[in-house]
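Shared between the two complexes below is chain A, which has chain B as its partner in the first and chain C in the second.
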Partner chain A sequence: MAIRLHTVSHTYTAINQPAVHALKDVTLTIDATDEFIALVGETGSGKSTLVQHLNALMAPTSGTAELFDVTISAESFKDKSIKKTPIRKRIGLVFQFPEYQLFEESVLKDVAFAPKNFGLSQADAEEKAKHALSLVGLDDTYYARSPFHLSGGEKKRVSIAGILAMEPDILVLDEPTSGLDPQSQKMLMDVFESIQRTTHISIVFITHDMNWVEAYAKRVLVMQSGELVFDGAPDALFNHPELSVWKMDLPDRKKVLNYLQSQFKLQTPMDDFTQLLNAINGEGDQ
Partner chain B sequence: MPLIELQDVSFSYGKTPAIDQLSLTVEAGEWVTIVGPNGSGKSTLAKLLIGLLKTQQGTIQVAGETLDETTVQGIREKIGIIFQNPDNQFVGVTVKDDIAFGLENLSVPYEEMLKRIDHYSKAVGMDAYLDKEPSQLSGGQKQRVAIAGTLAMKPELIIFDEATSMLDPTGRQAMLEIMHALKASGKTILSITHDLKEALPADRVLVMHEGRLLKSGTPRDILRDEPLLKKARLTLLEPFKYMNQLAKKKQLTDEWEALLWQSAFTL
Partner chain C sequence: MKNIVIGRYIPGDSFLYRMDPRVKLIALFILFVAVFVIDELLVMGLALLGILVLLPLGKISLKKVYFGLRPLLFLLIFTFVFQILFNTQGRLLGTLRLTFDPLNVALSVGIFAAWLFLKRFTSFTFISFLVMVAGVLTLLSQLTLLASFGSFTIAIYEEGLLFAIFILLRLVIIVTLSTILTITTKPTDLNLGLERVLKPLKIIRVNTEEIAMIIGISLRYIPTLLDEANKIILAQASRGVDFQEGKIKDKVVQIISLLVPMFIISFQRSDELANAMEARCFVPGKPRTRLNQLTWKPLDTAVLVVTLTLMIVSIGVRILW
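This part shows the complex of A and B:
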């Protein structure tokens, strides 16, 4: 296992404020290859705190985070001899609104910045950058362009390429589609799917949109009040009796089909509208 | 007299116009939802309305008054705006301070201020967080505080500029309920979004594309119009896909249309 969190708890403390238990005894493992994981949970459930534990940006208050060959705990985090940079190179974290962090004068330079920073020559860094840009679907016509004059979706792709250029084993994305229009959101999700398929790296993405969970994720993690309450397949989640207790939404398709099904008093759940129509129209369609 | 009237308004940041000879009206008490893709000029329009940007051509009238340097202050008091990113609008040290900030500027009496903080923090579900600092809140929670602060100033028109796009389903639902309550209390709502679900409860939907108004119509008309929505980089909601699927087979009865319309409100 590439990532192994063992009873990780994280408590935020501030002067004159009651402690906030953002993570409570979270135990989970993530493989280094072929995972496509959606991380969901209502506002304040601990999702963002959790992903910061996945690449050693934070240390557990108690418990341990094994990140490849390094074990991070409250004690070891302070140990200067344990280098965190190699972990952050292997587990690339893309923050929400990464486009705010673009700064170079050209797309290629921006994407080449990180690999160069990790010690590669200009030429090698640019090679990695070009490959990363091709992964996010931006061709050579983008290399010389200013990142600031791109559309929202393109800017996000450039900043994600910046992380991909470090060739991480695992890509972690905090609400990657936030702020984009529906078609740009879908394009970006398609980009992640194709990266996953071609490179076999594992991808973890935070989202509120169950439509993306249904369409793309192979596995879904549900956080509630700092606890990991579900770890399984999306379909198992959508049929879980505690779904509403966790304040989780259903995908649009399921909401509409469930509503129609109850209106027609049909017993079996329907997979799509055509199936529902056939069920309503009876044997005639068989 | 409309509450908002734009006549031939144009604005450009560089060479390409962000708003291109746009004319539209919003009546007092109306709920208008403007939909369009990134870069269609929706947010520029919001900034023009509150005088953050100056029109380069055409006129904007608010409640019969033409927006210019002499009227902008008075007009701003009539318009509240909620932006997309809560981090850019949190000014207080605590939640309570943040809601109070705008009220202090309006010299609202202390007792009244406390009443409004109580009322609007409850309305957005943040009443348990009044003494919390922004660093202890998530993005969605900060956004709800911003909404409480704006509503507390009791503006006539409230602009929601992609305001729900960073909220979780519960937060979004709470927001929509607030919007319904505002509408019921006679407030005018201008919601700018690319979430078509927010067009459902509107009185009127405006579709923007490249700074122009592609179409204005009722939610029922707009939400089924696949070529129009495609042009505006938007995706049909599930129930309207089904409506079109039935219509193609000439099977869209009034009953089906009513049922599918109703099903859209479960989204």
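This part shows the complex of A and C:
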């Protein structure tokens, strides 16, 4: 197991504000290879807080996070002899908002920043950066441009490339597709899938769009007000009775299937269109 | 980072919270004048005592005030030490002769290094710093085994010591009073109070509303910017920036990687804010009505009378003493 969270709770405290219990007793394991996990949940349910525990950016208020054999707890987090930077190299986290990290004068330099921090030479880092940029669909005309003069979607791609260039063992993405046009969303999801397929690293992504969950995820985690309420296969989630309690939606394909099924008054639930068509045709024959 | 108090309002309830913001500002000004008029250590000590009584009455814990003082701690210490070292008036209280020889200098450096190393394991950085300094001073003054290659005499004079304490008290009082104001007053109330208090300046064509608005917005955005800074630090940490470690060269890059997004985000924020204000038809300088009207209560009159009395007393003491 690469990541093992054991009863992790996180409470945000500030002296002038009521405490916010953003995570409550989350227990969860993630393999180092071949996982493709979607993390869903309504706004403010603690998703971003959870993923920041996955690469030792935050310490649990109580409970422990085992990240590649390093155990992070409230106490050990303060111990500076436990180095967190190597964990962050192995578990790459792309933040929800790219504005928080872009700072270099050119796109290429910004993407090369992380690999350089992890000890690569300038030339090697730029090599990795160029590869990462081509993966996210930014060609060499972007290299010299200032990251601040890009559109929101382009910034997002640069920030994703910035983490891809580190070649992490596990890739964690906080809403990688937000703020992008539908085609770019699909393109990026395809990139992640192909990275996953070719390198067998594990990928965790946060999304609000159930279509991506259905199309890409092998496993899905559902958060609701700080609790992990579901951990299983996407299909099991879509058939779960509490789906609407968790403020979750069905993917479009499922909605169409359900609609047709109710229109044709079919009794047995259908999983795909062929099955449905067969059922309808069969009915017509009789 | 999240415990920095400057400019933070902390909800609560006490007479300090219930006072009219105009009165708070005027009272603060009057007390500032009083504190600057005082020139006797004894009276300054009494003033500090007064503050220590005021805090529990106003239900403000010492801890909150300490968080307000903490960013200025090293400034306070610096002024204190500076006064002691360079003010040579009055009776000589004592001298400390520091003699440097290879052994004790090496040991001092060792102690300093040990402190640098150990401070990460303790939460009493400041106290351990004082202990470290005391240790080094004792060592340098007492232990001279090898041939010395230089010496330095610290002489402490009565006047210097007293004045150092005096300045320290004055600074602590001023910062504490200001912290009390920001802790107990909502930024919007503070803003409104400021606007009203500055109103007389309108006669000399100063745009008081805008000044009040600028100050109000700045105060309002300090905590927001601190939160942003925190997020940036985390985002850069994900990319291998270790803000706690690093050589000088790395430090420069670390700071740039924090400051650049910080500036960009602030400009963005101010742009958005300006748009949001315009979308709500905000026109600078136009007369406006307020949702919350300020009301003058007997408490306010009482506070003004008390602070004015304090000021007059301190002026009287200064003239007559």
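Here is the rule we go by: the second predicted complex is superposed on the first by the 234 of 286 C-alpha atoms of A that agree within 3 Å, B and C clash if a C-alpha of one lies under 4 Å from a C-alpha of the other, contacts with A are read in each partner's own complex, and residues count from 1 in each chain.
The criterion applied here is as follows: a contact is a pair of C-beta atoms (placed from the backbone, for glycine too) under 8 Å apart; a residue touches a chain by one contact, two chains touch by 3 or more.
Please read all numbers here as calculations on a predicted model, not as lab measurements.
By the touch criterion stated above, A:Ala14 is placed in contact with chain B and with chain C alike.
Shared-chain residue A:Asp252: touches chain B; no touch with chain C. Once the two complexes are overlaid on the shared chain, A:Thr268 sits clear of chain B and of chain C alike.
In the superposed model, A:His208 lies in contact with chain B only, and not with chain C.
By the document's definition of touching, neither partner reaches A:Thr141: not chain B, not chain C. Of the two partner chains placed around the shared chain by superposition, chain B is the only one that A:Gly153 touches, whereas chain C remains out of contact.
In the superposition on chain A, A:Lys89 makes contact with chain C only, not with chain B.
Counting contacts as defined above, chain A residues 14, 97 meet chain B in one complex and chain C in the other. Partner chain C is touched in their complex by these residues of chain A: 14-16, 52, 55, 57-58, 80, 84-85, 88-89, 92-95, 97, 99-103, 113-114, 117-118, 148, 162-163, 166.
Contact residues on chain B toward chain A in their complex (touch as defined above): 36-39, 84-85, 131-133, 135-141, 162, 165-171, 194, 196, 233-235, 237-239, 241-242, 245, 259-260, 262-264, 266-267.
Those residues of chain C that touch chain A in the shared complex are 2-3, 5, 8-11, 64, 67, 120, 228, 231-232, 234-242, 244, 256-257, 260-261, 264-265, 268. Those residues of chain A lying in contact with chain B across their complex are 12, 14, 17, 20, 41-44, 48, 96-97, 151-153, 175, 178-184, 186, 208, 247-249, 252-253, 255-256, 258-260, 263, 273.
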